[in-house]
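Before we start, here is the structure in question, set down as structure tokens.
Naming follows writing order (A, B, C, D, E and F), and every chain is counted from residue 1.
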Amino acid sequence: MSFLFGRQPQISSEQKIAQAEAEIDMVSDMYSRLVQSCSKKCIDTAYREADLNKGESVCLDRCVAKFFEVNVKVSEKMQGEAQNRAGGGGMFGGM
Amino acid sequence: MESLTQSEQRELQNRMEKKQMKEFMNMYSNLVQRCFDDCINGFESKSLTSREEGCIMRCVDKHMKGSQRLGDRFQEQNAAMAQSGGALGR
Amino acid sequence: MSFLFGRQPQISSEQKIAQAEAEIDMVSDMYSRLVQSCSKKCIDTAYREADLNKGESVCLDRCVAKFFEVNVKVSEKMQGEAQNRAGGGGMFGGM
Amino acid sequence: MESLTQSEQRELQNRMEKKQMKEFMNMYSNLVQRCFDDCINGFESKSLTSREEGCIMRCVDKHMKGSQRLGDRFQEQNAAMAQSGGALGR
Amino acid sequence: MSFLFGRQPQISSEQKIAQAEAEIDMVSDMYSRLVQSCSKKCIDTAYREADLNKGESVCLDRCVAKFFEVNVKVSEKMQGEAQNRAGGGGMFGGM
Amino acid sequence: MESLTQSEQRELQNRMEKKQMKEFMNMYSNLVQRCFDDCINGFESKSLTSREEGCIMRCVDKHMKGSQRLGDRFQEQNAAMAQSGGALGR
């Protein structure tokens, strides 16, 4: 998602820390969404046993791989569109 | 909005800029999650099928256009309301 | 939603900024809920085409109008009830 | 809660007040979204039908009463637990 | 949930306030989740009348009691597991 | 991550520690809510039935194991990506 975090040549120490913080927040947010989505798609809510069964385990593993792949696809697409517009803000309807 | 002095407006502006990055990142994550949830439903393999990939691309496109449209309408409504003296954006 | 932001005669500069900030946050929150609700109600999740079709577009437009109308109705209702209680806090069960 | 000095309690109080406004606004937005989601399902026109408007009014009423009731029960339970030495609010 | 808030013998004033704040935030978060879950389970979304009917009222009361009981069960379980690991961090997959 | 000086890294570390507590509490609340939503469906009494209690215990267990597994896979993928120069964690 480097398009989200373009590097400027000269930034202050506070800005550098804030940027690193924003990146960590982003990864952390992605992780919690992944947990949400993959748990929903893979874990049987009947809870018949306390352990993950084989099917659930395999599903979770593949779900993570697919979630990453989707993230890369979306990121590439947005990056492409951002370049087409050449630096204009307001990708979304704005606010 | 209450009438703010110029320096107050500058301070407000500053705070808003910090939030915009956050909001954009949130929009982005929402888009990833929504399209993942809507398009990915089989886990027979760990790679996207071409059908899933096509779905993701169209999903992103459609939701970006949708947000654009919703944003335009939202601003129109909000402006109309502000003029008629009413709620929300003021 | 002016009942949420009653104007006091004498407030500090920081308070004025914080109030303006709170109003912007409120609008921004409303917008993201509107995007959530209207996308869900209007956009077909089969994603057969990348463009919004006619039906989706019209639905989104009307959805925004209705969302605003609902917001006004709820706001008026709450304002009315707040006046009935004449300034008592604790509209909700509280915490 | 840990035993706080008076000045510490005052500081805590201050921080809580800032959050209360936020929480109230969040409750309000939740109410708007929930009643919208539950009551509005047709988009043949851009105005609310009288049926939808009635539904919205009853929805707001019912959920406010529900929150009131839930809040009362929550506080009772929380107080009971605090006495028995247990979890949550302490 | 005392396992979340272990008391250290010597902490600064700021830390004490922050800890108290965290506890209040936790209770407040629990309350809003309870409102969400219990409203969904107990309130009929047809909204035929503005008042809570008898069934809804009783359901809400019992729902609160059960939510507390679940919270205690989960808390006890996590506490037990935390002790088994004897102070190791990273209960969840981490980040 | 951008190359940070040691003192910048320390400051970042500090801020992260504050967030970790918050994130843990959020994970905990999520678990309570999810298991409550999935396991509790009858309100004929105000106490948990033994069936419900069993469900809650297995639910907590299963989701903790699930999170553990998801976290492991997430870190592997993230590390693999960082090496290949790509997105997410860098």
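Throughout what follows, a residue touches a chain if its C-beta (ideal position, glycine included) is under 8 Å from a C-beta of that chain, and two chains touch if they have at least 3 such contacts.
These numbers were taken from a predicted model, which means no experiment stands behind them.
Number of steps on the shortest path from chain D to chain E, with steps defined by chain touch: 1. In terms of the stated touch criterion, the partners common to chain B and chain D are C, listed by label. Averaged Cα coordinates give chain A a centre that lies 15 Å from the centre of chain F. Measuring from the averaged C-alpha position of chain B to that of chain F gives a distance of 25 Å. With each centre defined as the average position of its C-alpha atoms, the distance from chain C to chain E rounds to 27 Å. Within chain E, residues 1, 25, 27-28, 30-31, 42, 61, 63, 65, 71, 95 each touch two or more of the remaining chains.
For chain F, the set of residues that touch two or more other chains comprises 23, 26, 39, 57, 67, 69-71, 74. Of all residues in chain E, those touching chain F in their complex are 1, 4, 22, 25-26, 29-30, 33, 36-37, 40-42, 58-59, 61-63, 65-67, 69-71, 73-74, 77-78, 81, 91-95.
Residues 21-29, 31-33, 35-37, 39-41, 43, 45-48, 52-53, 56-57, 60, 64, 67-72, 74-75 of chain B touch chain A in their complex. For chain D in complex with chain E, the residues that touch the partner chain are 1-2, 4-5, 8, 11-12, 15-16, 19, 23, 26, 34, 38-39, 55, 57-59, 61-63, 65-67, 69-71, 73-74, 77-78, 81, 86-90. Across the interface of their complex, chain F is touched by residues 1-2, 7, 13, 16-17, 19-21, 23-25, 27-28, 30-32, 34-35, 38-39, 42-43, 45, 47-52, 56-57, 60-61, 63-65, 68, 71-72, 75 of chain A.
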